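Structures given as structure tokens follow.
In what comes next, subunit A is part of two complexes: it sits with subunit B in the first one and with subunit C in the second one.
For the complex of A and B:
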């Protein structure tokens, strides 16, 4: 047994054979695409105006950050640190919309699930608001709020709130009446039911809605920033495209996808699994 | 008094036409609220035109023939883009799913591309082809191809191995396994993926028309805002919303539900 075999066995034992095989096979197309991209630069098939070189895309980070003074400049969204300013302002908008939209959506959704009158009024409004896809609100939002922070936040909130509303409502409706009645029998108040039956009962559906609304919200945000924004990743790639600055466009698209994939894969996906494991009702009374 | 009210509500709940009447009441209430708000603000023509003004602008645009032409443009783009997207995506997903190793190779990259939104790649396509119909169509194709291909791929992967083995044991050929086991087994995923794809494609059509400036409903609301004709913007939004409700609730959702009911595998 030589050192190489030993090492390979160690790695296999550490990460698992199946997982290693999956990762190895899955990386083939990515490596192939990167090679093709590099070959395009080397053999000059398509002009760099259409497909930039890999080095150029990496250089674009340093060009955008060239005059950056340090951590304080990054955090204060200074115009000298363009790259981080755009990233942070996009993420900030998502967070703000999540902090406002998610709790409101949950509260209204559970109320609509509990009360027929509220759901009769709010459901048609929600169906209609959901069918006007996020970006179609942009022109009206520009008329109301002007170009900038408020418009993009409005678009995000619109997407996040209604998706959360529907998921919380459907989750609440799916809870068996027995749970509510047993809490009432034991002397619980309406408030007790809300906190101890509806909220935990609807939790798996709410978390699924959170994952969905952040995914749709992120797409809507990028589109909204392109037309109605004055900062953010969508704004960055759109203005770069107008100046035919392909390196920055490619960089922006890659950053957008990495942020989305990382959030979905490492934060929302595990959260959803954990919630279904912890709160999901497997037992249903018949 | 409350007793009578409760009895009336209980009766109303089971009255056959109650749902439609409720919906009509809600819509009437919303329209009234809209009219009241628009009457009470300064400069309603700019910020929130009354329902009557929107209706007048729709009559105006119908008379000029603009509304049907924009609507037709948008719908034909959606149909063309999503039909090509589905036509390529479904067979592609099926083919990739046939072999475990091949599907293991392509699964991550398909997942990557289906989660990169089409609108984000829009600026790249604009650099390639400028503000043309080709750009819009390419973005629609991209957004409709990957979700359906990814869904079909995961659908084929989820068909239980024992069904495939059972068919082979009974002497089926490779082609018969594809036709009788894999394709029907993946049908629910094909239906779900198609609905998802068409939904994304619809958003991409609107966004593409706005950004690339091609005539259609998206272009109509975009130029309406530029020209300070807010009633035209609201009319366009109403059209977009209503079209999608009709398409989704009366065509795609029933189709998906029926497919899942007929072909869905209930595993025991």
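For the complex of A and C:
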């Protein structure tokens, strides 16, 4: 057995054949794009002012972090570690909006799914709020809250809350009545039903809602940071573009998508596995 | 014998889901179920059997007539009346043990006692080894065993069963019926069992109430005098009492169905 076969068996054993296959197939488009990108630099189809080289984008990281004094500077969001400061402040805003908006949206959504009166009151205003895209609120939010984190939080909450609300409401309405009845006849209270029937029963929709609100929330955040922010990846991209620094623009865009992919994979994936896959509430890849 | 469940002059109307026209579901029902008795209710579909069960379970409000358990008027659901539903009503997000112990959990029984009693009922319905499985990993018959155990484990005064074996295959149904007889012997529970299968009613019930087509009335009570110990599918088909009771129930149900077709 030569070293290469040995290595490939080791990798297969570690990750599993199916998973490797999935990763391999999924990365084809990315490899294609990267190749095209490198070819552009090699053959100089478009000037580096429009499309920078891969090396240039990587260099941008070091330029942004050049004066960084270590971990403490990174964590204290010091202006010398610009790259990580922007990343961390964006992530912080997403987390804040998620921590406030997701539970509130779930609670009101389930209540609206349980109760006709609540849904009749809240549904029209929800449709109204949803019809206005997140960015449209930015000018007003700047007038109200000024440039900074309050504006971005407001924009994101607008997006996250209503998406969670509608998904949780529809999920709750789709739960078979018999589950509720069975818990009632076992002596359960309305509160028991909320926690033990509606919350887990609406989980497939709630996770879809989380996925949507994180996706749309990120987009709204980047847009909000561009116009009404004083830090964050959107702000970084916007200021870089004003200085014709395409490397930093590219870097910002790539970092945003990597962060989103990671959240989806490491947060929502396990949540799905622990809830709806374990309970058999969704189809499973065979 | 004392009457456990008494229903007097119970009538029920409800508006049709689509047309809004008032439907007369039950008409002047009078019946008694004794303590420890197994009563089957048979009737053509749409005769108000399930409406009656929902009223007795406290899931449906009634205005005309009266229904009492141990002399107490039925007003809302309560742990004194356990229900086994038609569909698979066990919660998909709870394990077998979690579902069976659910009633005890809601009654705030301490963990240790709960675990002991759950283990006892898992044994009784033959689900040993499946405690930590989720419902989607079980067969249809096992799901219904779990549903029966869940209701039993909460220790109700009366078990209300709404066509619980209608959705399982024929072989499994026979096994489940024999198991239910065994459980009735072991637990001495009062059981009200709704079905549209004549064989099932004659096999399980000490008595069988035959309902008329809509509006549901109690048409006739058929007594089935067979000791529980003799109720197994191997012997019962040759038992003249079983044959008599089954044929009588069948004749009554047929009359109702034929009259309905006209």
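Here is the rule we use: the second predicted complex is superposed on the first by the 232 of 286 C-alpha atoms of A that agree within 3 Å, B and C clash if a C-alpha of one lies under 4 Å from a C-alpha of the other, contacts with A are read in each partner's own complex, and residues count from 1 in each chain.
Following the convention adopted for this analysis, a contact is a pair of C-beta atoms (placed from the backbone, for glycine too) under 8 Å apart; a residue touches a chain by one contact, two chains touch by 3 or more.
Note that the coordinates shown come from a computational prediction; the quantities given were computed from them, not determined experimentally.
Peer 1: So, on subunit A, is it clash or fit between subunit B and subunit C?
Peer 2: fit
Peer 1: Have a look at where A:227 lands relative to subunit B and subunit C in the superposition and call it first, second, both or neither.
Peer 2: Once the two structures are laid over each other on A, A:227 reaches subunit B alone.
Peer 1: Just to be sure I read the superposition right, which of the two partners does A:182 touch: subunit B = first, subunit C = second, or both, or neither?
Peer 2: Once the two structures are laid over each other on A, A:182 reaches subunit C alone.
Peer 1: In the overlay, answer first, second, both or neither for which of subunit B and subunit C A:275 touches.
Peer 2: second
Peer 1: Determine, for the superposed model, which of the two partners subunit B and subunit C contacts more residues of subunit A.
Peer 2: B
Peer 1: Using the superposition on chain A described above, determine whether A:21 touches subunit B (first), subunit C (second), both, or neither.
Peer 2: After superposition on chain A, A:21 lies in contact with subunit B alone.
Peer 1: Based on the superposed arrangement, let me know which partner A:237 touches: subunit B (first), subunit C (second), both, or neither?
Peer 2: A:237 sits against subunit B, while subunit C stays out of touch.
Peer 1: Please work out whether A:201 is in contact with subunit B alone, subunit C alone, both, or neither, and reply first, second, both or neither.
Peer 2: The answer is second: A:201 touches subunit C but not subunit B.
Peer 1: What's the minimum Cα gap, in whole angstrom, linking subunit B and subunit C in the superposed view?
Peer 2: The answer is 8 Å, the least C-alpha separation in the overlay.
Peer 1: Using the touch rule from the top, collect the residues of subunit A that touch subunit B in their complex.
Peer 2: 21-22, 25-30, 33, 49-50, 116, 120-121, 124-125, 127-129, 131-140, 142-144, 215, 218-219, 222-223, 226-227, 234, 237-238, 240-241, 244, 246, 249-250, 252-253, 256-257, 260-261, 264
Peer 1: Write out the stretch or stretches of subunit B touching subunit A in their complex.
Peer 2: Contacts found on subunit B: 13, 22-23, 26-27, 29-30, 46-47, 101, 104-109, 112, 115-117, 119-124, 126-128, 202-203, 206-207, 210-211, 218, 221-222, 224-225, 230, 233-234, 236-237, 240-242, 244-245, 248-249.
Peer 1: Under the definition above, what is the set of subunit A residues touching subunit C in their complex?
Peer 2: Residues of subunit A touching subunit C: 176, 178-179, 181-188, 192, 196-197, 200-201, 203, 275, 278-281.
Peer 1: Would you tell me which residues of subunit C are touching subunit A in their complex?
Peer 2: 57-59, 77-79, 81-83, 85-87, 89-93, 102-103, 106-107, 134-137, 150-151, 154
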